[in-house]
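Before anything else, here's the structure in question.
Labels run A, B, C and D following the written order; every chain starts at residue 1.
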Amino acid sequence: MKRLEMTEDEKVIKDPVHGYIYVHDPIIWNLMNTKEMQRLRRIRQLGAAYLAYPGGDHSRFAHSLGVYEVIRQIIGAFARNNYEWPHEYDRLTLIAGLLHDVGHAPFSHSLERFMTMRHEKWSVMVVRDPTTEVHEVLESVSPGFSELVAEVIEKTFPVPLIVAMVSGQLDADRLDYLMRDSVATGVDYGTFDLARIIRVMEPRKDRLVVRDSGIHTVEAYLLARYFMYWQVYFHPVSRAGEILLHTVLTRARQLVEKNELSALTPPALLAFLRGDVTLGDYLSLDDATLFAAFTVWRVSGDSILADLASRFLDRRLLKEVAWPKNRDSHLSAVQQLVKEVGYDPNYYCIVDETGTVYYDYYLGSDLVPTHENAIWLYRKSDDRLTEVSSVSRPIQAIAADHHPVRRLYVPREVFREARFQRLLEDEANGGR
Amino acid sequence: MKRLEMTEDEKVIKDPVHGYIYVHDPIIWNLMNTKEMQRLRRIRQLGAAYLAYPGGDHSRFAHSLGVYEVIRQIIGAFARNNYEWPHEYDRLTLIAGLLHDVGHAPFSHSLERFMTMRHEKWSVMVVRDPTTEVHEVLESVSPGFSELVAEVIEKTFPVPLIVAMVSGQLDADRLDYLMRDSVATGVDYGTFDLARIIRVMEPRKDRLVVRDSGIHTVEAYLLARYFMYWQVYFHPVSRAGEILLHTVLTRARQLVEKNELSALTPPALLAFLRGDVTLGDYLSLDDATLFAAFTVWRVSGDSILADLASRFLDRRLLKEVAWPKNRDSHLSAVQQLVKEVGYDPNYYCIVDETGTVYYDYYLGSDLVPTHENAIWLYRKSDDRLTEVSSVSRPIQAIAADHHPVRRLYVPREVFREARFQRLLEDEANGGR
Amino acid sequence: MKRLEMTEDEKVIKDPVHGYIYVHDPIIWNLMNTKEMQRLRRIRQLGAAYLAYPGGDHSRFAHSLGVYEVIRQIIGAFARNNYEWPHEYDRLTLIAGLLHDVGHAPFSHSLERFMTMRHEKWSVMVVRDPTTEVHEVLESVSPGFSELVAEVIEKTFPVPLIVAMVSGQLDADRLDYLMRDSVATGVDYGTFDLARIIRVMEPRKDRLVVRDSGIHTVEAYLLARYFMYWQVYFHPVSRAGEILLHTVLTRARQLVEKNELSALTPPALLAFLRGDVTLGDYLSLDDATLFAAFTVWRVSGDSILADLASRFLDRRLLKEVAWPKNRDSHLSAVQQLVKEVGYDPNYYCIVDETGTVYYDYYLGSDLVPTHENAIWLYRKSDDRLTEVSSVSRPIQAIAADHHPVRRLYVPREVFREARFQRLLEDEANGGR
Amino acid sequence: MKRLEMTEDEKVIKDPVHGYIYVHDPIIWNLMNTKEMQRLRRIRQLGAAYLAYPGGDHSRFAHSLGVYEVIRQIIGAFARNNYEWPHEYDRLTLIAGLLHDVGHAPFSHSLERFMTMRHEKWSVMVVRDPTTEVHEVLESVSPGFSELVAEVIEKTFPVPLIVAMVSGQLDADRLDYLMRDSVATGVDYGTFDLARIIRVMEPRKDRLVVRDSGIHTVEAYLLARYFMYWQVYFHPVSRAGEILLHTVLTRARQLVEKNELSALTPPALLAFLRGDVTLGDYLSLDDATLFAAFTVWRVSGDSILADLASRFLDRRLLKEVAWPKNRDSHLSAVQQLVKEVGYDPNYYCIVDETGTVYYDYYLGSDLVPTHENAIWLYRKSDDRLTEVSSVSRPIQAIAADHHPVRRLYVPREVFREARFQRLLEDEANGGR
């Protein structure tokens, strides 16, 4: 393992979102330079959304630095205002923010449905495993330090404020990714007033609250999130890319299980597909592994795999149409049509429901807002906490708006079939 | 080959630099969707500079769309002002701009010194080769159209104005990449007033000239270029990445020549390393191919290759020190030192001279400005053309400033050696 | 009257919002150079809001150019897409947009409540009056042209599309001012995707509609409007400035009616205060007239006028506290307190209700959406128009949210009184 | 005088350049609220340049806050890096930066040539005069504190570092105004990397130096300055406005000396024109005073004054043509022509030389760089200071480029005269 170096001076890294990322702590500098963190340079932050937005090639590495920087700014503001914040945990919080995504799979969230274990679990494993460079650097702080970091990431650390800073309704993670995804794609909707959000945040006992003068800033932040979901994360083309990614890997898994793909696939990816991957193998996977495998698979003997892999590389995606539940009665007819056009409907006729998986609601209609799943406004004059959606109609509107969107994805040729067009037109209440 | 589709409506693509990229021509839309163009999504515009700037992950695909869009805007301005421009070549120009980079190798310019044929040659080959989708779409315009496109890219097309728009001192290529690289990295220096550059450009007979009121806009553009070279393209870390990339491939080539790497390397990459790659193989290479090969090589039996590949993936770059020519007498001592520290100086002791290869001078001191290699100011009142550096001291300054910078790159451990430090201190006039 | 000049070339004006404003039509160039338009350079776009936002000094002149530019871009997009738009009215529309605010009083909307005639009426008068330069330029197009412009501005022109472009729920006026006020103040909330709004707009028969794919863009636009109202236009300090402006003029009017201020006040302002101002006098009034009068009045014999004028110039505004209706029973006690502290409550104890005057609701709860007061989504597949709030919960939320905010403004000294503080605390349900 | 208030919490002011301006010190908050500082809200930062750039209406108040904020950021960076900086003078430096422009006349620099005393002298007078609110607040810090502030502004304070922060080649004043003027006008050339400039600045003994890694950042800053001079401050229309302003006041002064303007002009302005203005009178003057006077003068009996005042209000400026020294032999012919067209050449035929007054050169060819008039690069490795232009060709280029531009301004009618056109054409070597 490489010798780790220490820094003394303030270091900076240029960043398109925050201008500069400032590092004073040599431990943090060394963590950034571990191979596990450097791997994140080869994993796209937005998964397959780069197929919808040519600017969306930014990496999870840049985002991880951004999370660190946002925490640094928030903690700095707390110190400047003499808020009651447990500054003895500053380094721990900064590090947990920096590392919380270190376990991401290739294409970030795009593969999450394919995996048996969520990325946070992998992050925690990287932190705890004694063979990683990350673990080594962490333990150089003090024996057992890595365990504290793991606890913050898995939300079992006993100081709720620290956990909330890394994973909560108004955490550094979201504050960074909304801004970053917005800047990279050029979709302006995700920007909000980060400096002011930081200014109105305040630790009150064991909660991160927002002073009531910041209500409109919180509204703007939550609406930015709403817009980014619809413009980017749930964009029909982003989804088409993710569906295709999922289908390629599903087909590959089936072939692997029949031992048909071994010669063409690196061992680590084989293990990943079989579901028995080791940490070491897992950490050798990145976007490039998949792209390179797809390049091999596109000339493989299995015509379905070859076609699917080519489609992803060449961006020949399936095409979508709105598919509300009441259309499901026509599904078998469509499957038949897909087959007639020459495709196996198991891979080429996909109903996709978005809105339920990626979007976490701020407050369900029948839920009591709890400590963790709500954003709280704090009014100094009478020392009262109020949940934000109860005083903001726009927030209430998007909190309750959890109607998932259903779309059907099929090859473009299907759209050229008169029968398919008729079927869509027959639907009186179809659409959006 | 896939069926190509036609579009009727205006299409747009969101872009972080130009806001939107507008497409009206179905031929252009189809070209964007060819697999050869889609491959550029997997090639970083800035090569290894993403190791210096975490935001520098943007693709050559996005840049190619940008070049198209800049040409579209310039041609639009010419039409609006009734300038004498051969509008019968509009489609040709737009397409040549879109396609001029389609032949780029992985990591764009970073591998150029390693290759025997420049990327423009490959671009022309993609355009002309009857097996490519690009060629098929071009020929659908009219038989022989692909040949015209090839001629514009290789600068043999007989209408100089059309060639100048795609490759010249003030072409759409540079106008886009300076802005784009600047926005992506967050390095502000590359921005300039694109709208005004477009406004002051004018076709005069067979030259693209700039009206004299635009002198300061041209100054700002050329200085943006100067700054981007020093801040990004010649950045010591960008160069360290490119050097490492070059060294890994050099080592790999040596092993390939000894037939030692075949099992671990995809055939297309083997052919590339051997220098006898076919167009089909070449087009299957992208950044991912190299990353995936490095992941395999890092556990290969050749310890030098394994170390170099690991270093690139984990960003453990060589470290630089200024190395003016007068230090060359000490070079063999340093090589000895590198060896003693445990490294083969052939791979771990590299003198790098930048400034000569990538930077094209606007006007060498002993050169007469020619038609093509100069930017010309046009004064309406007396119908006179003047070369810009003759009326602008800042431009003159950077045109003449072709002192290359020399740097020595060695492993960090060497810097810890007292003998190395003494050697550097002995130099009275060392350093920049 | 000055000789008007004609332009042939495209002219541009640099603009912080749109980059450049492009002018091809010499009539429009000449209109911009009339003295009535130039007067708008001396009238603040945001009235007294510059007291809340030091960047808010931009002029109504810049906004008027911006409205023109937005119309120019929209019409250009319509032409590019071959939409059915009455292009024979292009010049008329552009001119009506440019001139619609030419009748604004000093400090724009801040004085509107003080005036007997709204600014649109004055704009129409400037257009029609044969003594103005604006009228002269308009009539040089063709006799009677000024009348058409006046009709568009006063919404009686028989082509609804033309009127909607200048004054509607999604008109060029709003599209410009939200962006401009946002950029100038630095309050980011007002920005939205103008290029995309323009792209999804479409003339359908006699309505300007939005294609249904643009639903989120419209949401973002309307929410930008919502945020700008709360962050800028209804900001407590903006309102405090407007209240003070109103109070100074009210006091001045009373003195004028008693003939006490004549020596210190320019005749045009006297006439304005008396309510019998001629057009010529009115057009000699600008922000400077009031500032200069206040400078004189601050040393006048009337101590109330002197104090109020000083307060405005020196920004010693009244201070606000939330004042819901149920606090009105305490109002006389507060007035008494104000008097005891030494101020006349008629001028120094003001209840301000905002939300009703400046904010136009998109859809009142009991209203049927009409042609003009709604934004319509158009779905091509079934040629259907839908009012936007019926398909967007966030829009519905802000459309219905017309609870005005009530605030009480009194001198700061009152807040130091224990009785006042007790009174506020007594209120169980006071606040926000 | 009003009771001053104290603040305890951090206050912020929204700003289009710096995002937010942060204030912790109640003394500084109170200074911002003095009437002398509030007056700067009514003085345009860019003088008459708003006639060239419709966005250039921003005030000297906003700039003064910006200077304060830049100093705050620089001092913060010094503290974070433990540089040797006399932090006991932090408050003094911040206050001197905030107040250094408090003595500006209407239209800022535009009137400077008309005045007998420069604005810095007036600023110092405001600070020292016991009748000002500024003085009162300063003395509340400690008796004699105002004197220290005055010394920093007039550069006699014995700590050079403190003086250099407020007035030097790389001071907070320039860092703010270049950015601010650039943002407001929309002229991008003035932006540079402020965060990085701050990062590479370092106090070394009694100088503010720049670490040598910051050479390109300094280049970009100085070139931004170069561009802003040519694009904004020396813009022909900006100069035309300033010339007209100067001419109106010159004519007015002549009439005042003949006692002809008294009835139409406020006493303070009369005193200003006569050159015997008191501080109190001076502080009652702002842009509005002049606009209001011009509005009166435009209908005065003196036809020259009336025309000149109208021209300024209505922006009917004189028109310029390049006028190199060798054309001066034709000047009397032009004056004769101006007279024939109906204008008095004393007011309507002005030769303007720019470049000598506003642009301070970094290093004259025959000057030894001194402590104060140079920017110094610091190299840590050998502890050496180098003057920047000696290592940067672009800086050298603009440092030496002090050829002033000469322009002739005459009424537009003159350009329509054939004799004038012939005269211009006769000049073989005329033009820029």
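By our rule, a contact is a pair of C-beta atoms (placed from the backbone, for glycine too) under 8 Å apart; a residue touches a chain by one contact, two chains touch by 3 or more.
As the structure is a computational prediction, the values presented were derived from the model and not from experiment.
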Chain pair with more C-beta contacts, A-C versus A-D: A-C
Copies subunit D and subunit B - interface residue numbers shared by over half, same or different: same
Relative to subunit D, chain with the most remote C-alpha centre: A
Distance between the centres, which are taken as Cα means, of subunit D and subunit C, whole angstrom: 32
Geometric centre distance via CA averages, subunit C-subunit A, whole Å: 42
Centre-of-Cα separation between subunit D and subunit A, whole angstrom: 50
Set of subunit B residues in contact with two or more other chains: 19, 187
Subunit B residues within the subunit C interface of the complex: 9-10, 12, 19-20, 24, 80-81, 195-196, 199
Residues of subunit D touching subunit B in the complex: 187-189, 191-193, 212, 216, 219-220, 223, 226-227, 230-231, 379, 381-382, 391, 393-394, 396-398, 400-401, 431-432
Subunit C contact footprint on subunit D (complex, rising order): 2-3, 5, 13-17, 19, 33-35, 38-39, 41-42, 50-51, 53-55, 57-59, 61-62, 65, 183-187, 266, 284, 286-293, 295-296, 310, 313-316, 412
